[in-house]
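Everything on this sheet refers to the single structure shown next.
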C-alpha cells in the first residue's frame, strides 16, 4: 500500500491538489481519545498557505471535516476519515506544465511510471498531500502528549543563514512560543529576522531557497524502536525522506559525527535523577535502533523549491527542447511550512513504535 | 515483522552473533534464476572479518549454505533459506558486558525494551546480522545485473581524510577493480593510502573512526519508486539507517544542496542519446520519489565504532557507576566492510521497487 | 491495518452506517483504466436497500462520488477515493440498542473490545460497510473482464429451499440475466419463486432466514495463488468470512467431498481444446493453492439475519437481564443483496493475486 | 511475503520436503518466555509420520533445533529460528512425477506458476511444510496457556464414520487424553474404533479418505478480533484453508445454521457466573468478528489424500495423455496427523489477535 504509512497506527492519504478533495484515513487509533476537528485544524493552520508574507499567498482555508471514527467527541477505534475540500484552484495556471516537464519536479517521472499523469498542480507530489499527514499527526501527538512527550521542530538554517553554533544548547527544548514567534519558525530571534530577509530577497529575484529543520523530542521512554530493519532512526529517516523536497536526514551527531573519534563520540553512561542517562547525546536519543530515554534529535534537509519564476530549459512531452517560464503562486521557501509536517511525521513514527513495543513487550509477562 | 524488509522481494534475517548460526529467508524471488552458493559467497567474503589488516582479525569463514528454494541450480520461486554457522566464538571476551552497559552500544536499550538480553556479542545489534542482508543482496544484484544495472559503493571519507572535491566526476562510475584495489575501498589511490594510515594510527591508540560511503547506481529505468511514502529515496534512507553505526543519509545534493538557490539546484531537462536526460544531477536520480533514469547517487554517514580499547565511564545493570575497559578483536573502522552491505541494501530496495512497479504498471494495459 | 484488504490492489474502507459518509480508498490500481462513477454505481445499485420487495425498504440512494485518482476519465495509478454520503438516517430507531446488547449482533463484543461504541446502526459491523467493497470490486472486475474473466455469484439455497441437485450442471455458468431475472438472484426460475415465497412468509412472522451463495469464476489463467499461506482458497475464505453474517466457506467439493474416496475425488488430467484440463472439478479450480485454469467454484454460508421483529431475551449494558423488541426496517434475508458483495470480494482477491503473480513470475525471465 | 503469516506474532516457513531442511522463523515473540526444544518436539511428534499404524510408515525423526532467539532457556524477543533436517529421502520414489502431473496435486499448477518446479516430494506443497507451523504453534499455545486458554482439535468424522450427533455436548471440551487415546484422535471411543477400521480398509484397497476436524477453544477473553476484514473467523478461515488438503471451513452453526430461522439461531444474552454469557452458541464464540468469551468452535473439511496406490489417468509435461501408478509411502488419511496442525494454526491466529488487541486498546487509556 504505497500510500499508507505505519504498522499499527496507520494512515492512508489520498487526493490530488486539484481534485475534489484531499484526505486521510487513520486506522488503528486507540479508542476513547477526545478529539475535535478544531484541534486538528490548529495543526493544519500551521502548514496552510497564506499564513504569512513569506509563503505562497494562495488562499486555502483547508477546513477539515471528520467523516467517521468518532462518536460523541471520542475516537471509537474504527477508521477516522478526514477530508479537506480543495478550493482556490486555478488550473489555468498549470496549462503550460501539461506539455512540458518542469525541472526537478515529478512531471517526467510520473509519466515514466504511470504512462499518464494529472498535470494539475503536480498530482500526488503536491505539498497538499501532506495535509493528511498533518491532520493524522495532530491526533498522534495528542496521544503522545498524554504520556508527557513533547515534539518541537524548528528551522536551524535557511540557505546559509543559520542559528549560531553556540546559540542553542544541545539539551535545550525551544518553546512553541519561541518557534511560532516569527513566520520562519526559528527560535533564535536574530537569526529569524535574517532568514526572513533572505527569503524575501530571493523571492524578489524569482528564485527560491531551502534549509534545514531540526526536530527534538523530549519525554520518550527508553525501549521504543526495533533492533534491525525498523530501527527508530530508520523509520524516522523514511518518514522524513518521504516528504516533498527533502534530500537528507541525520540523527544525533549525523554527518558531522564522522569527524569525531570513538573516544569523543561515545556517550558515557551516568546516573542522573535516579535513572540511567548519558553524559552527552551524540547518539541523538537512539542506540541500536531503540530509544534510550534521552532527547531524540534529528535534522532534515530541504532543497530549494523547484518552482521558480525564471526562464528554465526543459523538454516537452514530445521530447523536444522547450523553455518554461514559471508562473503561479508558490513558496519561495517551503521550509517554514514544513515544520509542522516534520513534527507530524515524527509523531506518527513514535506513536506507532510505542504501540508496537507495548504489543510485544508489555502484553504478556512470564 | 520487525526483522523483515521489502514488499515483494523480501528478506527476513535471524540470528545472534554468538548463537548457533545466522541466516536469512528470501521470499518472493523470481523463479528460474541460476544461482550458486559460490556466487553468494563472493559478496560475503567482501564483508567478512579478517579480510585485511585494517579490519578485525577475527577469523570467521562465514560459509553460506543454501537450505531451500533452489533446484538444479535455479531458484524455484519458493523461500530461499541461507544459513551461516557461527564459529570462532569467544564468549569469555564478553563477560564484562554482561553486567555493564557499553557506551553507545545497544546493551542498555535492549534491556529497556525486552527486559532481558543476550549479552554475547551484542545479540541482534551485532554487525553479523548483516550477513543475511549481503547474502540476499547478492541474489538481488544478480537479477538487476541481467537488466544492466550496476551498483558501486565506495568510501569517500574516513574521519577527515576525503577524496578531493574535484577528483571524482559527478557522472563517473568507479570500477569494481578500482574500489577493491585497496582494503579501504576508496577508488582514489592517494586518498586510499591516507585513509589506511589514519585507520592504523587510530587503532594503535585503541580508538576508532567513522566515515562516509557513497553509492552510485547506473542503468536504472525511469519509473521506479512511489510518489508518497515509499519514495525511492525514503526506502533507501530507511535501508541505510537500518544498518548498524549509521547516522545520516543524503541523496543527490543532500545537505549541501540547501546552500544552493532553486535556479542553481534545478536539473534542466535536455535530450541526450535520444532520450530525456537532465543536464545536472542534483536530484541524485530521483524526482518526486521516482527514478528518472539518471545515476542514483547517495551518501551514508557511519559513526566511529563504539567499541574502543580505552577505559570508559558507564553504569552497570544495577544502576551503579562503573568503568569499562574494551577488550576483544574489533574493527577500528567498520566503514570498509560496510561497502558491500550498502550495495546489498541498495540492491534489495531497487529490485523490490522494480517488481512493485511492474506489478502495478506493466501487468495490465488498457 | 485492520480495515484494509489486499497486498497490491488494496482497499481501505471507513465509515459507520450513521456517520456522515461511508467510503473506500483503493491503492495500487493500474493506471489508464477508463472508469466512471456511473459504472461503479451499477454494482452499488445491486446491493442497495429498497431495490425490491424482499429486502429492507430503507431508501438509500448510495450515490458514489469519485474524489481522487482519476483524470479525464482514466485511473492515474494514485489512490482512488470513493465516498457515499449517508442519508435516511433514523437514529431514533436505534435508541433501544444504546443500552441493550442485541443478540447475535456486535454490540457486546464491540464494547468488550473498545470500551465504547457507536450504537447508531451497528457502527462498522453494519452491512453498509460493504459499500466500499462493492465500489472497489467494480473496478477490479472491470480490469479482470479485460482479460476475459467472468464472475457469477448466485443463490443456491434460501433456508431449505434449494436448486435441485441436477438442475445446474457442474460446468455451467449462469448468465447475469438469469441471475438478475428475479430479486432473489437464483438462476433457476422455479426455485427462485419458492425462495421469494419463503422470504415473504418468514418476514410476515417477524423472523429471518439465511442461505448459501455459490460463486463461479470462468476464464482465470492457471498460476494464480500461492503455495502456502496465501493460497487462493485461503484468501477467498478470508474474504468471504470477512463479510457480515457469514458462517462458512467451501471450495470445490467442500464438506461433501469428505464423503468421497481419493479414487473418486481426484480430478484426472486430460487434454481438451489443446490445453491441459481436468475431467472433473472437485478441486474447484485450485490445486495446491494455485489456480489450474478450471472454473473456480466456491460456496458461502449466510446465517439468518440477526435483527428480527420479535421479543428477545438479552442483557443491558449494566449487566441486567432485559427484553428487546426489534424495530426498524431490516432485511428478512440479506442473501440476495450479498450476491454482488461476494462477487466484489472475489474480484478483489483474484486481481490482487494476478498482480502478485505477475510481479514475481513475469517481471524477470532468465 | 507469501510464506509468512501473522501481523505481530509472525511466522515465515521455508523448505521443501526433499531439500536439506525445513524450518520456520518466528518474529515478534514476547521476550522472557521459558521454552525448550523438547517442548516444541512434543507437538512435532504429534504430527510426525510413522507415529501409528494408520499413517504413513515413513520414518522421520523431525528433531527440531533452536538456532536463535533464546538465551538461557528464555525467548529474547528476537527472531526464533527453528530448523528440522530432512532425512529418509527417497527421491527415486518420485521419479515418475517428474514427467507426469499427479492428479489433484500441485504439480501442474506449480509449473504453470513458476515455469519450473522441484518434483521431489511436492516441493512446498508437501505436508512437511507444516512442521514449521506446528513448531511455532507450540510456542504460541504455551503463551496462550499462561492466560488459561485451552485448545482442543479432534476428528468428528472420517469418510462417513462420524461421532453420533448427541454424543458430544455443544459445550463440552474433550480432554487431551481422550483425544490422544487412539491414533485417530477422535474422543468418542466407539467411533474411533470404526474410523480406524475404515482407514485400514481403504488403505488395503490402495485408496484414501478424508474427514472433518473440529476445534474448540476455551478461555478466550471477549474482545479479540477485528470488525471488518480481519474478523477472527476470517483469519481462522484463512489459516485453515491454507493447510494442505482442506476444502472447507465453518464456524459455529456453519452451513447447517442456514437451515435455522433467526429466532432459532440468535444466541440470547444472559448473565451467568457474574458475567455476560450467551444461552446458546450458534455464533461459535465470535460476533461481529470479535470473540465474545464463549467457546470458539469451528470445523475444517479435509479431502481424501490425493496420493492413491491405483492407476490414474493424467497428462505428462509434454501435454500427452499418460497413466500414473502411485507408489511410495503415503497416508491413506491425513486427518489424524492434521489435528495438531489445526491447533497450531488456531493458536497462531489467536495469539496474534491478542497482541493486536492489546496494542490498540490497552496501551493507552484516556
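Labels for the chains are A, B, C and D, by order of writing; each one numbers its residues from 1.
Basically, a residue touches a chain if its C-beta (ideal position, glycine included) is under 8 Å from a C-beta of that chain, and two chains touch if they have at least 3 such contacts.
All of these numbers come straight from a predicted model, not from anything done at the bench.
**Student:** When the contacting C-beta pairs are counted for A-C and for A-D, which pair yields the higher total?
**Tutor:** Result of the comparison of A-C and A-D: A-C.
**Student:** So which pair out of A-B, B-D or A-D basically repeats B-C, with more than half the contacts the same?
**Tutor:** The pair repeating the interface of B-C is A-D.
**Student:** CA centre of chain A versus CA centre of chain C: separation in Å?
**Tutor:** 39
**Student:** Using Cα averages as centroids, what's the distance between chain C and chain D in whole Å?
**Tutor:** Measuring from centre to centre gives 26 Å for this pair.
**Student:** Could you work out how far the Cα centre of chain A sits from that of chain D, in whole Å?
**Tutor:** Averaging C-alpha atoms per chain gives centres 46 Å apart.
**Student:** Check each residue of chain A and list the ones that touch at least two other chains.
**Tutor:** Within chain A, the residues that touch at least two other chains are 2-4, 13, 28, 31-32, 74, 77-78, 113-115, 123-124, 227, 356, 361.
**Student:** In their complex, what parts of chain A are in touch with chain C?
**Tutor:** Going by the criterion above, the answer is residues 1-4, 10, 12-16, 19-23, 25, 27-28, 31-32, 65-69, 71, 74, 76-81, 83, 113-118, 120, 123-124.
**Student:** Which part of chain B faces chain A closely enough to touch in the complex?
**Tutor:** Residues 2-5, 13, 101, 103-106, 108-110, 112-115, 122-125, 129, 157, 159-160, 202, 207-212, 221-231, 233-242, 244, 246-255, 257-271, 275-276, 278-279, 282-284, 286-293, 299, 301-308, 310, 312-315, 319-321, 356-357, 361 of chain B touch chain A in their complex.
**Student:** Could you please specify the touching residues of chain C with respect to chain B in the complex?
**Tutor:** 8, 28-34, 74, 77-78, 143, 146-147, 227, 354-356, 358-366
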